[in-house]
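Once you scroll down, you'll see the structures, which are given as structure tokens.
Consider the two complexes below, in which subunit A is the common component and subunit B and subunit C are the respective partners.
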Partner chain A sequence: MNTARFALLPRDGLFCKDGRGWYTSDVGRSHSYAWPPPSTLRGALRAVWGQRALQVRGARAPSAEEWEQATQGVSLGRMLSLRRPLEEPFAPRHRMWPTPADALVVGGRVRRLLPRPHPEVHTLGTEDDDALEALWRPMAPAGKPKPPLPFWTEESLVGWLRGQAPSSPGVTGPERRVDVRVTLNAASQTAEPGMLYQAEVLEMLDGEEREWALGLECTHPGEASGFPWGPVGLGGKRRLALAEPVQAELFTAPRELPDRSPGLRLILATPAHFRRGWLPDGLEREEHEGRPCWMGELPGVEGRVVLRAALVNRPMELSTWDMARGKPRPTRRLVPAGSTYFFERVDGRPFTALKTLWLAAWGSDHEEGLGRVLPGSWNPNEEDT
Partner chain B sequence: MSMETRPYLLHALSPLHAGTGRSVGIIDLPIARLRATNIPFIPGSSIKGVLREARRGLPEGEWEALFGPLRKVSGAEGDEAWEGDHAGALVVGDARLVALPVRSFVGTFALVSSPLLLELARRDLKGLEGVPERLKRVEGPLARVGKGNVTVAPEHGKLFLEDLDLDVQEEPAVEAWARFLARALPEEEELMRERFVVVDDETMSFLLETATQVDTRVRIDSTTGSVAEGALWQEESLPAETLLVGVLAAGPSLRQKTPLGAGDVLNRALRETAWLQLGGKATVGRGRCRMAAWPGPSKESRR
Partner chain C sequence: MSSHLLLMSLGPVQDFIAQARRTRDLWFGSHVLSVLSQKAALAARELRAELVFPALLDEKDPSPSVPNKLLVLVREGEPRTVARAAREAARAHLLHWGMEVWEKHRQLVDDQARKTAEEQLDTLLEFHAAWSAFSTAEDYPEALRRAEDALAARRRLRAFTPWAHQRGGIHKSSLDGARESVLGQGERRGGKWERFRIGRREQLDALGLLKRTGGEPGQFVPVPTIGLAAYTALAKETRPAELAALARECEALGREGWLTRVDAGGKAWVDDFPFDAQVLLPGRWNTHLKEQCLDRERAERFGDTFVRPLLRALGEPFPYVACLVADGDRMGETLRALAPRGSAAHQTLSRALSGFATEARRILQQRHRGVLVYAGGDDVLGFVCLPDALRCAAELYQAFASAMKEALAGSGVPPPTLSVGLGVGHVLESLGDLLTLGRQAEGLAKGEDRDGFALLMRLHSSREYKWRARWPEHPVEALEAAVSLREQGRLPLTKVREVRTLLRRMPSRRAALEDEASWARLLSNELQRVLARVELGSAEAGLTPSEVGLRLENQRTWAELHAHVEAWAERMSLAEVLARAKPRSRGATGGES
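This part shows the complex of A and B:
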């Protein structure tokens, strides 16, 4: 297996249509994801690889099985959102992160949501899951929260992982544009009935002359220097994305990351696919300190852990398209990026190797770049927000 | 997909109206612009549709291999894939503005660009022989010109564009850019060389807003000979002489029994200078354009 690291810079913006059909509301109206899901990127990279492999073999119009087989080994590893001033080479300071779910903007300040046990407070759920009811909850600060901005800078996130609130509420994502398209009848030069449609495009160059890009780490079988060998057709309408090589340093953990903490806070950097919806794989219902809980072992985490709290955003419905077979794959429900989990060790000892969890993979479908986590410190006894 | 790319130059010969439909602003029919930067562009989908018709002369199989088969049925029913269905091998990128003709008190008009527009174009042109170096940004307002630019007022040493008077600095890279762009349309080299001007990005932002062509039009009621009620509107266009740069990309043909490599696909799409009608308002002469690629092989493989 070889690893290629590069940034993709969509030349004409990006159209990543979500699972809503063309004909569900207004006819011809499509909706785009706010940021491309990792699975879309892996699909595009598989297409690049497969095309090349079949080109070399001289094959034409491969069968679905041939295509699957030729591209199975192409996996997406760590995926980054990047934003840089034009002309600068990519560096870790250009990384952008999803806004953590344990942050709340109230009164113009970013406040930390710190979960605490509240046995008398129940969820609004069905109460058929006592371990869920026993999870800790944060007390929201007084005041009306503002809707969060979708991205945080590297500086804000690194401070947040250390337990420091940033001074800025975040960064708005790429600008969205709606392109209206029509099919003309060549003979009459008039619009074809039913062929007027809209595509929502994410523009990658913003008004501050900074450009958004995707940093990708991709493993692939065999020797293939220079992968992806030129521009990549990405998202709907095969829009062109230019590839630029980047250094491995772009994906490494920041030096300022804490290495030791009494509790562990994990923020999802990319959406995650867990077998039981919001609940991370590896946890089972047990008893701890006389109360029901979710307990178990997690990939890369020291010792047995107990889940103390989960701040999970609305699920992300991921509907992907099987290009080889020309039909949709089953829709998956993912835990969205930014969702945050809080853990303590069962033996009460601190966590001492947080850095090893930097962009580690959780849940299933790792090869699609899903389930990458960011480790942060947490003091379970801290109450003040 | 492992693709080859080939940049092209689009030269507007008449006002070019690639619109976005009706707007609620002062201009009823504005042109398409990038939302964040306001840079005018022609969507790749417009260019692809027009190029598809312009290449009707290709053998049927090749034509389908390049552009993909046409839908058999319009609307939702036509979404179903059928036996032998395939994607076209050609990908047509948007064409972005690289130089805007702006009224000049001396020399009639200047072809005005900026470091940002040239930097975006430079990315598309990467790999071609002789692409000029990046033009550094400068504090504005300032215009940089090549030697012998005919739009500079000799007695003032200034450039008078629309309502702007700009100090002028001579810089060889500006002439290099003009000559390079003109390699796609050699017969226009003199025109481009002597009118090419690079202003700072802020001044360009102002010109993008104010120097496009806005026409007020009416419809006359044939029975009364007066303006029909509600039939007064304003429409915006990129003026004639506008230059835009875009990219065509291609992978190998996906059509069974029509084996074409990426290079073959690009050669067929851009085989000679194409005379196209792009955008709307064709029946009143809008949108006559020339589309041309730069000659010669690439310096490095774009595969």
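This part shows the complex of A and C:
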């Protein structure tokens, strides 16, 4: 297997339609994901690989199985959101991260949500689950929280992983614009009367003379110098994205990352697919300190751990399209990026190798770039936000 | 002996309601949530819990407006048992309701999808509850604070499980894009497919099916009928014969099953034209009637014979509608401030809010040409025709202020205010998108300092205008004055465009300027020059900034001046659209600037 590292720069905006189709209104409006799901990117790269394989092999159209087999070795590894001033080469300082779920903006300041046990006030959820209700909960600071901005800069995130609140509440994502188009009559090549349709497009150039891009680490079978060999058709209507080679350094862990911590905080950098929904794979229901809990071993994490708290928003419902078979796939319910989990070691010892968890893969469907985590420090005894 | 204060929330609210393509999807989605909250509250009451919020609950009300957050006092028994009973009552009701619809409309569904449908219905509800014990009246505020904090913290974990009953290879719902469609795969012609206006390529999951088919087709006023209400009222007044002929023909098409007569449901203005008014839009009567499988020739004849005479007399209708979203400001603070007076004070406030909800219905549906979707607690959601929207918003604000003043009299607690947003979009947009506009407008209205009004307009060309002011600044009067300027032709649109161009050429609002005063002077002078210049062929004298509502002298910094002028330009552009939205007997042309 070989690894290619490059940034994709959409040149005409980006449009990744969600599962609703075009029939959301009488005026034909589609809706786009807020940020391209990793699966869309892998799909685009598989298409590039498959088309090259076809060119080499000859004219016969492959069956769905042949296409699947020829392209399944193309996998997405670590995936980054990037934003740089125009013309600058990509560097780690240009990385952008999903806003962590343990951050809250109140009164213009970013505050940390620190979970603690609260046995005196009881709760009940959608299902009866005493282990879930026994999880620690964060107490929010007084005041009405503002909706979070979707992205954080590298500087803000690195400080956050060390337990320091950033001064900025974050960065708004790329602007959205609505493209209004007409349906053409295939026979006459003229516009069909009244057949307007509208697509939500992410505009990747922002008003501050910066451009958004996607940094990708992609493994592929065999030698393939220069992959992806030119512009890539990406998302709806296969809008063109240029590929620009980047250095391996772009994906490496920052030096300032903490290595030791009494507790472990894992933040999802990309959505994750777990077997049981919100609950990370590897944890089982047990008893700890006389209370029901989830315990187990996690990939790359030292010792047995107990889940102390989880901050998870509603699932990201990913409904993808099987291009080879021309059919929709079943919907997967993913834990959204930014979700945060808090762990302690069962033996009470600290975690001493946080850096090895930098963008490690968690859950299933790693080949689609899902389940990459960011390790952060956490002091389970800390209460003050 | 200690009691417990139990706080429960049911969801999802905003996302679930917004998943709507047609009017009935939105109406019924909101209705479903209200009914589920009602069932949960009734189940708690059956276990002898005392309702605090909402204090009033009419179990016989078929269209309840019950908020999704319930506060109850559990004086005896286990609060966990009460919470569990409330949750299961809501969940069981939804499953039963959804499967009842399934059985009733077997023509529409795929039998193979039954398990998928059951799973979709059974997993929709998000329920969270938290409770805290207290012994004396003095402990009540602290118990409320603890329960509120615990509920907010608990809601930060939305536990979910994967779908277990998907079939694969099935399209997803056009409403939510995630759940598999449960509709049958065969040809969709005639019968219920047309009655419930399920498009040939539209997909619905079990919840979408419930929203679309749960009510009767004529029960919901289509959004185009609301948006064009001022137009049909003018038609009735000035062209009664033509409108009557059109209505008779619609009635005839209705008898043959091509059109559905709308049940006015006590809204007198609907009777002016009780049909889907999109048949009045050029280019739409063909499409709309063809969707109902009427042949092209007859659809064209319908338009030429019955609609075009009206269009010739009144011009084309302006096809936009306002989604009104209002929300009480700092209600949480008001509840906390009242807490030392105990649960009775909360119940008094809750009753006042129920009264306001009734008044909101009257204001939207009787005083103005609108339809209320939901009014529960301090939340109001509705649609209103554009020419009525500003006054409707102002009356709601006044009604809320009066209700709160009365409820809180003598308590020493300052009455909360109401922020109102109007999101304006095309009448053929999906209801979900119109609702999003309304909610964005509400967010803008609230701003940092609350007590606000905002107007946000998205034209079909994708152009967007927005403007916000606080209620004490009299925003409705300011907009009406701007509309008058435009109607009188005193302020040509070219001048507004010129001001926008001028702003673009100046340093940005955030620019750090060394000579700020000079830039401010330059901008003020240029504005005065643009406004004072007399246009060729105009008999009018030039204008001064104060005549057009510009208060240049009050702006202390470059940023303030820039923001003030920018907001003025937005207000004038909105006024232009509002002026065009008023139907007139002659000369109205519709379209966009």
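Everything that follows uses one rule, which is that the second predicted complex is superposed on the first by the 363 of 385 C-alpha atoms of A that agree within 3 Å, B and C clash if a C-alpha of one lies under 4 Å from a C-alpha of the other, contacts with A are read in each partner's own complex, and residues count from 1 in each chain.
As a convention for this text, a contact is a pair of C-beta atoms (placed from the backbone, for glycine too) under 8 Å apart; a residue touches a chain by one contact, two chains touch by 3 or more.
Since this is a predicted model, take the numbers as computed values, not measurements.
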* Please indicate which partner A:Leu242 is in contact with in the superposed arrangement: first for subunit B, second for subunit C, both, or neither. => first
* To do: Would you sort A:Asp206 into first (subunit B), second (subunit C), both or neither based on which partner it touches?
  => first
* Asked: Taking the superposition as given, does A:Ala47 touch the first partner, subunit B, the second, subunit C, both, or neither?
  -> first
* Please name the chain, subunit B or subunit C, that touches the greater number of residues in subunit A. => C
* Asked: After lining up the shared chain so the two structures overlap, which partner does A:Val312 touch, if you call subunit B first and subunit C second: first, second, both or neither?
  -> second
* Pick one for A:Arg332: touches subunit B only (first), subunit C only (second), both, or neither. => second
* Asked: Touching A:Gly277, do we find subunit B (first), subunit C (second), both, or neither?
  -> second
* Asked: Looking at the overlay, does A:Arg177 come into contact with subunit B only (first), subunit C only (second), both, or neither?
  -> both
* Asked: Which positions of subunit A sit in both the subunit B and the subunit C interface?
  -> 22-23, 177, 179-180, 193-194
* **Complex contact set, residues of subunit A against subunit B** => 11-13, 22-23, 47-48, 51-52, 55, 60-61, 86-87, 174-177, 179-181, 183-184, 186, 189, 192-195, 203, 205-207, 209, 228-233, 237-240, 242, 326
* **subunit C partner contacts - residues on subunit A that touch it in the complex** => 18-27, 29, 31, 101, 113, 118, 120-129, 132, 135, 137-140, 144, 177-180, 193-194, 196, 198, 275-279, 309-315, 317, 319, 325, 327-333
* subunit A partner contacts - residues on subunit C that touch it in the complex -> 12, 15, 21, 79-80, 83-84, 87, 125-132, 146-147, 149-154, 156-163, 166-180, 199, 201-203, 283-284, 287, 332, 426, 428-430, 432-433, 460-462
* Structure fact -> Touching subunit A in the complex, subunit B uses residues 1-5, 20-21, 32, 34-37, 43-45, 49, 53, 71, 74-76, 79, 81, 85-87, 91, 93-94, 116, 119-120, 123-124, 134, 201, 247, 249, 251-256, 259, 282, 302-303
